[in-house]
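Note that the chains are named A, B, C and D in the order they appear, and that numbering of residues resets to 1 at the start of each chain.
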Amino acid sequence: MQLGMIGLGRMGANMVQRLTKGGHECVAYDVQAKAVKAVLHPGLVGASSLKDLVAKLHQPRVVWLMLPAAAVDEALAMLAPLLDAGDIIIDGGNSYYRDDIRRGTEMKSRQIHYVDVGTSGGVAGFERGYCLMIGGEKEVVAHLAPIFATLAPGVEAVPLTAGRQKPDSTAEQGYLHCGPQGAGHFVKMVHNGIEYGIMGAYAEGLNILRNANVGKQKSDTDAETTPLRNPEYYQYELDLPEIAELWRRGSVIGSWLLDLTASALLNDPTLENYAGRVSDSGEGRWTITAAIDEAVPAPILSAALYARFSSRGDADFADKVLSAMRHGFGGHLEKAAKRQQD
Amino acid sequence: MQLGMIGLGRMGANMVQRLTKGGHECVAYDVQAKAVKAVLHPGLVGASSLKDLVAKLHQPRVVWLMLPAAAVDEALAMLAPLLDAGDIIIDGGNSYYRDDIRRGTEMKSRQIHYVDVGTSGGVAGFERGYCLMIGGEKEVVAHLAPIFATLAPGVEAVPLTAGRQKPDSTAEQGYLHCGPQGAGHFVKMVHNGIEYGIMGAYAEGLNILRNANVGKQKSDTDAETTPLRNPEYYQYELDLPEIAELWRRGSVIGSWLLDLTASALLNDPTLENYAGRVSDSGEGRWTITAAIDEAVPAPILSAALYARFSSRGDADFADKVLSAMRHGFGGHLEKAAKRQQD
Amino acid sequence: MQLGMIGLGRMGANMVQRLTKGGHECVAYDVQAKAVKAVLHPGLVGASSLKDLVAKLHQPRVVWLMLPAAAVDEALAMLAPLLDAGDIIIDGGNSYYRDDIRRGTEMKSRQIHYVDVGTSGGVAGFERGYCLMIGGEKEVVAHLAPIFATLAPGVEAVPLTAGRQKPDSTAEQGYLHCGPQGAGHFVKMVHNGIEYGIMGAYAEGLNILRNANVGKQKSDTDAETTPLRNPEYYQYELDLPEIAELWRRGSVIGSWLLDLTASALLNDPTLENYAGRVSDSGEGRWTITAAIDEAVPAPILSAALYARFSSRGDADFADKVLSAMRHGFGGHLEKAAKRQQD
Amino acid sequence: MQLGMIGLGRMGANMVQRLTKGGHECVAYDVQAKAVKAVLHPGLVGASSLKDLVAKLHQPRVVWLMLPAAAVDEALAMLAPLLDAGDIIIDGGNSYYRDDIRRGTEMKSRQIHYVDVGTSGGVAGFERGYCLMIGGEKEVVAHLAPIFATLAPGVEAVPLTAGRQKPDSTAEQGYLHCGPQGAGHFVKMVHNGIEYGIMGAYAEGLNILRNANVGKQKSDTDAETTPLRNPEYYQYELDLPEIAELWRRGSVIGSWLLDLTASALLNDPTLENYAGRVSDSGEGRWTITAAIDEAVPAPILSAALYARFSSRGDADFADKVLSAMRHGFGGHLEKAAKRQQD
């Protein structure tokens, strides 16, 4: 099948390679000409402009956008007028599903089909395949099946769930039509919200393991410090890289995120190469917004999001309010930081 | 009534003054002789040693300890042998109620009565009176009523709850026998746990108000930054000192902690005199321990405690784990800190 | 000053009474004629329709809406065409501040001034006065000062914060112009978010106190039940109504919400008249939305909101997922509920 | 190697089978004779009593306890007098690591070696192998290596972490000597704490997906119900069993717990066979206790624990306090439950 790819960053560049390797014909474009040049290989045609890309595609055209969420509207505004009725646009980036609903309506007025695809897999996706969560018109999604099947990991990626007998389901191959416009990015949004929660669970647990030696440390004895009542219970020097590697085998908490953690700890056991300022790219926030709109309690996913905010200093003023109150009622003065660079 | 006070810090020094002003006869001792000197005034007798203090008290003696929690066991070890059967020791500090249970048993073997008193009121207590949460033997607590009545704020401190007709209750005066040994400090422990939660609620809310102008700030447009979708909704420059003062009148969230917050913001509207490293003195932790032992959910009180931990840098390693994972699956690099001094 | 009041529920009815008592001239209207009849008293004129209300007001008219948030847009649509340029509409209910921004713009196109007022005080406001958080044009707000001053509690409601010398500030009287359109309801929204947090802190703490007797209960000894390791530490039967009354005097956690709690516990010590299905009226949700948009961590305020969701059964499906997983990896079967009516 | 197994429940019975299959000689005992009978097979010798078991083992004996945590102390008290100096006891159950420290000291006074092993893997462990977290004396643990190697999944269970070159490490095989007495169960405790967090993240996310259709539901319009502002964004009927299956392939959140979830949803898409009363078996609580002792923030792991408490009705009284307060300040009456069977 033929497909035009717009956006050749880490994700888009890998995806066109996986597609051409799978026998599809790709036309690739990026605003940066050198990004196009970098991906050129047999089976892949470069485009020098949106117009050039559109010209090189047969009707009904299939154009996949793999762009930062903030760039999608502008790209659509330029692309849509170049397309014809019946063409298909796929937004495979991290768009907010509410934008999909709006854009789908806009495109429909031009008789262009709009499909939203939440794409998980990260930089490893080229080899492992991508997990695709898809929203849009049923027939259009069915038409694109060959593309999705190539991008997805395939049924043999993991053992089938025992007892499943759904030969028509594509979930087993790693892609799924989740519902109408926006459904793909809605499911991807919640997927990322869960991801934040799982990541945070490991992070908190590893932090507890790392501090299992606090009983060995001499603590201050002033009124501003809670003494550790049972230092004898916190005398362990635990080897985090080894424990992460261990848990990968046979434990209940094995996962791909744990695999990545084991790898990171192997290369940098104290993670001193990181400052611990954790970005968030929107989906975690939108997940909480959805939870609140639905009146669904989401304390874990919220805590995971807030930990990222706090890591960037966004709790500082609140903390100052607490110190000011403590000074007010108890005359407590703040303790100086013990650690200079922490 | 006669009472010996051991420990003349911010709390103890104020309390003996309130007691002598109320007509009681106090003998005061502190390991630092100058602390004794500083509180001397008509009606107050100084003691030069524990032995001297004990000698100056009539039997059955009443000795009140107002010491840091970590110093109580040592003081008891020195004091108890100097006392006689029937004497009374009161621990009015911030002891863990589990220590009260142990100490009560130890003192009982010497026929000394042990009473635990959770004392709230802070540095303002001298004028406002102290809220006293009391654990111990019923008759002993009853015997000490004149002391408690003087230290407590009294019935006129706030309007009586409508419909109350409990003339025998001392709660209305501001002191209460809560139960056997440890009950006083148990109730005080939970009191402080609640205090953390209330303080944190104000702190979070004020932080949200303070950032109501984020729509005016130019944000980065890279993939590591979630763009604000509706900057037009965050254009407010709110005057926090005025709002805190406002809320003190007629609002549902009026409280003494709000009064203190209004005062702190008046004197330092941006709280730049504080670094935001918030100590915790044990009760918040013990409250969570109790909640968990009882299987009572305490998400708010826990969140308040964790905010204090995080304010001291104790989440840093967990944050680094998150950054390391993000780098692992998405190739994300951390963003440098935007703010130098925040 | 003359004012038209639309909406004579619990809040509106009390407010017109406070206003006429303060010397203002009120014209009152409600869709339910008997609500109008119920509030009629000297100084108060009833209106039989919106048109009648408008006719009875002098220009520039001042009309105060005290309606459920969901009814405001419809009321505005009917009212605005009846008004003249220069008239003033005040929305004193619990509107979302984003609606204020929209409505203010709509009214501006008709040359009608729009003022949003967050009103706190509840049913007690008639006597205590109302805390008013105001958004809108500066001159218009200034023009309305006599109304606000009468509704607010006044400077003597609580002692002035020590050191304040802001004779021009109205915060001390209990009303404040917080900023442009929406600022009043923004501040009120966060006020309510804080309120949820404070309420939740008391609720969790009281729950911990109530369960201080778990050590007396016989617990199951099967593998699905965590045994209490130290039952000797949980032997207290605490008297919650007395403790709540006690804390009202001299403690750090005294507040109006505590006063209400003491009153509720006095009348119903086990609160058996309540089922514990806690509603939320929107502001708590919007506060979290604002926190997330601003990237401000709000774990306490979120936990308070989620507790309400959970109280209504909204966590049930998530809980079933947990049970299903436990069955999957450990063969664990759910324990039957121990308590029938709990 | 020869090993005596005490306790032939779900875990112990599977483990002796895996051991004999791996060439070890097992002597098996359970208080229930029929449990012994049930596991008998070639290579496995049954014992009719502790004494019989001890008699059938060569010195230095190796005895593995696989018992409920509450039964270990009693078993040790009966077993230890039957053993000789140099014998080895392994506690492979879910003991609290603090008990290991105490027991290790007690056994040392009898010159018996004590080893604690946190065992993960659940009922699937017989086939997948068990992840073993081990605490105790270095030489003793080394002596037991053949046992651990057979129980563990082995190095080929998952691909080796890229770049690892630690031929002496046993983590790659799925077992690890984590440190002195208690270290094994400490690491297992945190492992389970993380497990709670991960489970909760999936559960919350699936609950959000399940409610993506709330925009289709007619909601009440009274003051006690927050209206959904944008019902058009919540019109999705998502197929949870398919989505769980989908995420198993190529997504960032793939894990064994997700595999189990997909299986559970396949068999019971609405999980109506579960009531959602989620037990907790201690490790989650102990993890939070450790976090608090170490001053490490653990909001996610705490939220996961509290969700379980709440699922069992333990927040009910706190919820009633909230309803009582709301009635106090706003005259709000509780809404009746909408759903009968939820």
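Note that contacts are C-beta pairs under 8 Å (C-beta built on N, C-alpha and C of every residue); 3 or more make two chains touch, one makes a residue touch a chain.
Remember, predicted model here, so these are calculated numbers, not experimental data.
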Third chains touching both chain D and chain C: A, B
Chain separated most widely from chain D, comparing mean CA positions: C
Inter-chain centre distance, chain B versus chain C - centres from mean C-alpha coordinates, in Å: 28
Chain A and chain B: spacing of chain centres that average the CA atoms, whole Å: 43
Rounded Å distance between chain B and chain D, as computed from the means of their C-alpha atoms: 38
Residues within chain D bordering two or more other chains: 122, 200, 202, 204, 207, 226, 229, 252, 256-257, 263, 280, 285, 293, 295-299, 303, 306-307, 310, 312, 314-315, 318, 329
In the complex with chain C, residue positions of chain D that touch it: 10, 68, 70, 96, 122-124, 199-200, 202-204, 206-207, 210, 221-227, 229, 256-257, 260-261, 263-265, 268, 271, 274-282, 285, 299, 303, 307-308, 310-332, 334-337, 339, 342
Residues of chain B that touch chain D when the two form their complex: 252, 280, 285, 288-289, 292-293, 295-299, 302-303, 305-307, 309-310, 312, 314-315, 318, 329
Chain C-touching residues of chain B, taken from the complex the two chains share: 97-98, 101, 120-122, 125, 128-131, 133, 152-154, 157-158, 161-164, 169, 171-176, 178-180, 182-183, 186-187, 190-198, 200-202, 204-205, 207-209, 211-212, 214, 226, 228-230, 232-239, 242-243, 245-259, 262-263, 266-267, 287, 290-291, 293-301, 303-304, 306-307
